[in-house]
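First chain written, first letter: the chains are A, B, C and D, and each begins at residue 1.
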Amino acid sequence: MEIEIATIGGYEEVGRQMTAVRAGNDVVIFDMGLNLSKVLIHDNVETERMHSLDLIDMGAIPDDRIMSELEGDVQAIVPTHGHLDHIGAISKLAHRYNAPVVATPFTIELVKQQIEGEQKFGVENDLVKMSAGETMTIGDEGVELEFVNVTHSIIDAINPVLHTPEGAIVYGLDKRMDHTPVVGDPIDMKRFREIGREGEGVLCYIEDCTNANKKGRTPSENVAREHLRDVLYSMEDYDGGIVATTFSSHISRVTSLVEFAKDIGRQPVLLGRSMEKYSGTAERLDFVDFPDDLGMFGHRKSVDRTFKRIMNEGKENFLPVVTGHQGEPRAMLTRMARGETPYELDDGDKVVFSARVIPEPTNEGQRYQAERLLGMQGARIYDEIHVSGHLNQEGHYTMLDALEPQNIIPAHQDLKGLSGYVNLCQGEGYKLGRDLHVSSNGNLIQLVD
Amino acid sequence: MEIEIATIGGYEEVGRQMTAVRAGNDVVIFDMGLNLSKVLIHDNVETERMHSLDLIDMGAIPDDRIMSELEGDVQAIVPTHGHLDHIGAISKLAHRYNAPVVATPFTIELVKQQIEGEQKFGVENDLVKMSAGETMTIGDEGVELEFVNVTHSIIDAINPVLHTPEGAIVYGLDKRMDHTPVVGDPIDMKRFREIGREGEGVLCYIEDCTNANKKGRTPSENVAREHLRDVLYSMEDYDGGIVATTFSSHISRVTSLVEFAKDIGRQPVLLGRSMEKYSGTAERLDFVDFPDDLGMFGHRKSVDRTFKRIMNEGKENFLPVVTGHQGEPRAMLTRMARGETPYELDDGDKVVFSARVIPEPTNEGQRYQAERLLGMQGARIYDEIHVSGHLNQEGHYTMLDALEPQNIIPAHQDLKGLSGYVNLCQGEGYKLGRDLHVSSNGNLIQLVD
Amino acid sequence: MEIEIATIGGYEEVGRQMTAVRAGNDVVIFDMGLNLSKVLIHDNVETERMHSLDLIDMGAIPDDRIMSELEGDVQAIVPTHGHLDHIGAISKLAHRYNAPVVATPFTIELVKQQIEGEQKFGVENDLVKMSAGETMTIGDEGVELEFVNVTHSIIDAINPVLHTPEGAIVYGLDKRMDHTPVVGDPIDMKRFREIGREGEGVLCYIEDCTNANKKGRTPSENVAREHLRDVLYSMEDYDGGIVATTFSSHISRVTSLVEFAKDIGRQPVLLGRSMEKYSGTAERLDFVDFPDDLGMFGHRKSVDRTFKRIMNEGKENFLPVVTGHQGEPRAMLTRMARGETPYELDDGDKVVFSARVIPEPTNEGQRYQAERLLGMQGARIYDEIHVSGHLNQEGHYTMLDALEPQNIIPAHQDLKGLSGYVNLCQGEGYKLGRDLHVSSNGNLIQLVD
Amino acid sequence: MEIEIATIGGYEEVGRQMTAVRAGNDVVIFDMGLNLSKVLIHDNVETERMHSLDLIDMGAIPDDRIMSELEGDVQAIVPTHGHLDHIGAISKLAHRYNAPVVATPFTIELVKQQIEGEQKFGVENDLVKMSAGETMTIGDEGVELEFVNVTHSIIDAINPVLHTPEGAIVYGLDKRMDHTPVVGDPIDMKRFREIGREGEGVLCYIEDCTNANKKGRTPSENVAREHLRDVLYSMEDYDGGIVATTFSSHISRVTSLVEFAKDIGRQPVLLGRSMEKYSGTAERLDFVDFPDDLGMFGHRKSVDRTFKRIMNEGKENFLPVVTGHQGEPRAMLTRMARGETPYELDDGDKVVFSARVIPEPTNEGQRYQAERLLGMQGARIYDEIHVSGHLNQEGHYTMLDALEPQNIIPAHQDLKGLSGYVNLCQGEGYKLGRDLHVSSNGNLIQLVD
């Protein structure tokens, strides 16, 4: 059976992921993501109203014109998890394909919300839920799609595996190897090892190279949790304001924040549009069991009303968890820093960034400015209470050991970013151009012909 | 009562700490340390055989000639904990003073061993043990010396407090604010808050500025422990060699390594001269309760015999904990990296650095070289599994809040290193030259005249 | 005679410089500057309309309330050169003092323009021109003010020296030691050495510590000029657009750009409000002799008209020198990057940044964004073609050797920034708190009483 | 005609360069270099006595076993210039090939000296001199070898061009684009542009990617010269010791040092084994015209004798130019720093590093230590007076514009290091795997079959 892989997006940058695998006549697409930074550099751009082609020209969504060179029918569009760089282009591109979107329940829910927000295109592809551990038949040539449970900085993430007569194609984006992930199940390494050893083994492994230049092992979410616990418990005796911020989609982190707030005698409350969106969705789908009295407010008016209530009832009784961990100009924490909300910061109040600064100068500038403005109001800053959601080098090493793939395709980075992974693979005997394929956007790799 | 403080050593650098406080006619000396880097830059220098004056000229030990200007009698020499930069000059300088060395039991034991190793001077000062929480009368003018329990990267560390009629002098070197320190009691913040409010309050606080330019809160040892647990548990299925290294004097870290080794089915064994020294001492003094079968070997012959036994019985059954976390040329791990021990590294063997690289170019070069040599033998590196033993800025902020000192003296850094602490103090209303005293070595500060 | 120095502004930061020296009954103020970054962090702030007290609260201008503690009459306000951090608060503070502003001709002209732009206060102090090498009597107790020629990144800079019966006070802000400064005379080291040896010598030296942590010697402007020549000559054969940007007030750099533009067959043209202001002023005062046909345009309309003409007559015939070297959001180059001007960039067009990026995250973010936008239009970037205007450590060393001051006050940096200078002085035998005075804003230092 | 390229060494690292080009039946080898860092990491290794295979195993010299897969006869071994990473393996590998070494006169002389020093192998290949601008026929199928003059940090460097019926193969290692190189002719860009446009154009360009991640244009040697002039002239009045160090093989820099020494009234003298070797060779071959009285001494005894003479006649009359710019443990400057030579440093003496620190931790550690030891003796340090010998991104851009190659092979870096060049090529329309070939050591690239 012919096996071909189209590396469509995210092979020269982080963001706008898209990869297609053809096995015989059947094609499966993995991810359709958005590169938000390509949008934000322009003033006054509203993606919701833009046409795909303009977004492709801007480098914001994958250029899927290469799909016409793949001789087969798209059978499924499979986003691996709910982050924008993996689902953000579905509302712009999916309608071109006569195929369902297949994903885990949490991811499907986020895809649905995104499609509802779209104002330019009507996307009517079926949305099909499949959980980790389950399998689906693709086409009629003996190809199967399996979801293996993985751990990432968002819940319900999986790695899809396409079982073909020629061996398995494992699409490894995005994951950390976490055995104690706080919410959800540990990564299913047992299944990966089986896949590496059963049948024809692994024909090809496509790897998440986000942290390919970082040494060691990415710590478990449990380590971030203990770090966060240490920070919040150390504030137990403080009788002023404490504010926390983290990635809205990071449900396990939000869960820890909510729990530790209770532990130190404060009422947690989630504030900001995307805080409400992700946590609300996770709760509705029963991924988490938040306390009954946990408030979540997204609209500015209800947020400000909540802030007023907090000021009236005493800041020392609350722990607002807000958006704005990167100093985004319009996020809640930045508004607080500029004194634009009813919440007043006093000398000694604590602001907890349970996130790292994304290392890009524009971003670093905004974050720095937010911290300066907070500091000018007397706030004390606690930052970098976080662990990455992506494998470091020793995770990559362990995955190679588990899967023993015949071919490898590094993804999710530019050449510089993935260089550490190429070095690692070369150390394990792979060779560039032979079985180690450094690709670029819009490229076709023929594995079996 | 006249109160004067002599900032003798460690006020322009890290290392060779020494401070004297005169209260009326009585003088207490805090710390007498060694700056090892000033020795190591020269080839073939043996401190054990050197004269004090030469070591003073090299900048290796404090220049205590300023002591002659202090009109009073030295009543006690008080090292705060057992690190070399706090006790390493006792064998060279203490004999000049007719006063006992007063310290906690673990520290006294290390001082004793150091004096025994000295080959130039005979030090015969009394060695007096006093535990955290205890108090001793100094002279006959109503001055008391108290030990407050603190948490640091070595056990049995205290902050000495000199209670004078003019208020308390709190000598704050070295500590982290740790409420879950793995071994020993949490930092006694309750007592610090009392001292800040009782009697005349705190006349002067001398602060450990090692991390004065670092934001946030230093995590608890418990966070390092959970990080380490995550790393070692992730290797549970590996059936080859695993080697770990950490600071020999870091008893709580060694304890965690020993415990997790057992958890993953391996026999821990401590190797290297200083590994044996510190862990052996801690065990003899009942600070830790290691497993009965824990081997500790210091002499090269017994270490190599142990390595041979490990190779015979199977590397997969052992976890050697060795010296060499900074790539020191003659340490055990560096010898292993150069293939000079019977322990043979294979592809995929794991080396765990539970330490950070001390950021100094000579050191970074050695550590890099050790890692390269380990890598050339196939070893996989896990590093930076560590937390600092020193307060970050938010710890400093909390200490100021607890003590409300009338005067502050930053210590344990050069001017650049302590600048962040000066900024913090200025933000809290202190003023350079008025109540915030940036000092230098060999300086006298008159607080009450 | 009593000698006292008030370190009013710029002793805890870079910006808003202000220092007062009292000699007997006479007071001279050196510099009255603005810290622009403290203004820009707030949205929608217009300094021209603001009250001094609000600007003091923001940390934007010096807090001169300490002046009331100086018992003497202000005889002169002496800005050393025309940069905003040295003259920018004159329009807000000078009217409080019954004293003339005394400065070199170019500086006086810039002060005059600044006062004219002020909309809140009427500043009516006399503006007195005095050139480098000249001297003026201050009060009637035998005090003289001398201007010594120095070299900096703006023309007509001096170091004022106050000759008192107790020795000279040398105010050393801001300078580089340049023997080949392209425009103007070399630094007058001969005079500094004389001052160091005549009469009572130098009682006090106040030093520009901007680069106190940088090794070696700051290169001459001539080195930047040769670097710039190399860059522009290398483009001689390019037949598309070339655009350059630099500090508008950097007349010698602008002169080199104008000259090299001619050399490679292009018509230079200066564009942007401050480009027109500084270069126009320098030309009117005969500091430079620009070609007769050199266009300078400040208003947006005339700039855009010029861009249209350039597009019509062929980009390959022009070299626009524009504002925007730091990616400032409203500067000309940023407008070009956003496609908001008639000048169209094509693939391969060259943009020359004859400036370094000011190392502050907000700024780095803006500059990065400008470069990205330029790059998206195909522009090629040449940056860091620049030398600093401030002494590095070896310049400081040479100044100490020339002046042999009895007292030293480091200025123009925060504690971290000036730490390298303190180390250097300590190495030369000075001692903190004795003759080396690390000060803070609003502090008084009594030198002779 | 079949055209094939074997990327043998230096495609995964910097050092041990080797590339072979087959055109029909004829093969030409470009460079045979040594990676010295792979040797130095081991203690006590003497390359002169080692076998090729051991050196290959260490990664020190190219693994040329792939040559057996190239079906053709080696007609020439062509080192591009005399640096060790380009000629250092000739003495270990050249004897395996029945072909002459063809190089420019200076390079040939260095090859000859290297062969003479070899103690394991007898290398008897013919050594053929060919100058820049000349051409030689290779085999009998119409292939020509041309040397195009380029500019690098060593004199007499060329880029070899193999003219085949299928187009030219341009081997672009190592160069900077210098129009004012101080010694020798400017880079021959006119010829490169002709080659890009004549006949079949350029079939393949192999590029020096050392600085592929650096923006802008590498400055001319003339810029370093003016920088150096500025530094040395600024010391004209100093009446103590001045010492300079630079790369021994950097003849133009040594020439500038010699000239400026004279200008400031000092007698230059070249000290250290490799100082004598390279400068002596350059003088004998008439590349430079040093003053008649310029001393060059290599053996330790004669160096120490010279130092004694300098001390006797007065340090203020000399400028020793010595080895040791990287703090190499056994180099002359390091010996001076350790006080192991008769030259005594005094407070204020100047040490000029006309070199940058090679950014590798081991090296940075050694250099740091050398500077610390020099500083402990009172020396003042001037460093980073240097420009790179390699193209930055805008040089790469200009080369692409000149040559318009059909295929590109990045070389002389690992993947991370060359990533900036790949980005640049992709921006110019090249595509990975199609006409942009990222290779690895031991790989074959078939260009025409």
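By our rule, a residue touches a chain if its C-beta (ideal position, glycine included) is under 8 Å from a C-beta of that chain, and two chains touch if they have at least 3 such contacts.
Since the model is a prediction, treat every value here as computed from it, not as a measurement.
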Chains touching both chain C and chain D, listed by label: A, B
Chain pair equivalent in interface to A-B, over half of contacts matched, among A-D, B-C or C-D: C-D
Distance from chain D to chain A - Cα centre to Cα centre, in angstrom: 46
Computed distance of Cα centres, chain D from chain B, in Å: 47
Of all residues in chain A, the ones touching two or more other chains: none
Complex contacts: residues of chain B adjacent to chain D: 41, 43, 338, 360-369, 372-373, 376
Of chain A, residues touching chain D in the complex: 12, 213, 414-416, 418-420, 422-423, 426, 431-433, 438-440, 443
Touch list for chain D against partner chain C, complex: 177, 179-180, 215-217, 219-220, 222-223, 226-227, 230-231, 233-234, 348, 380-385, 394, 397-398, 401
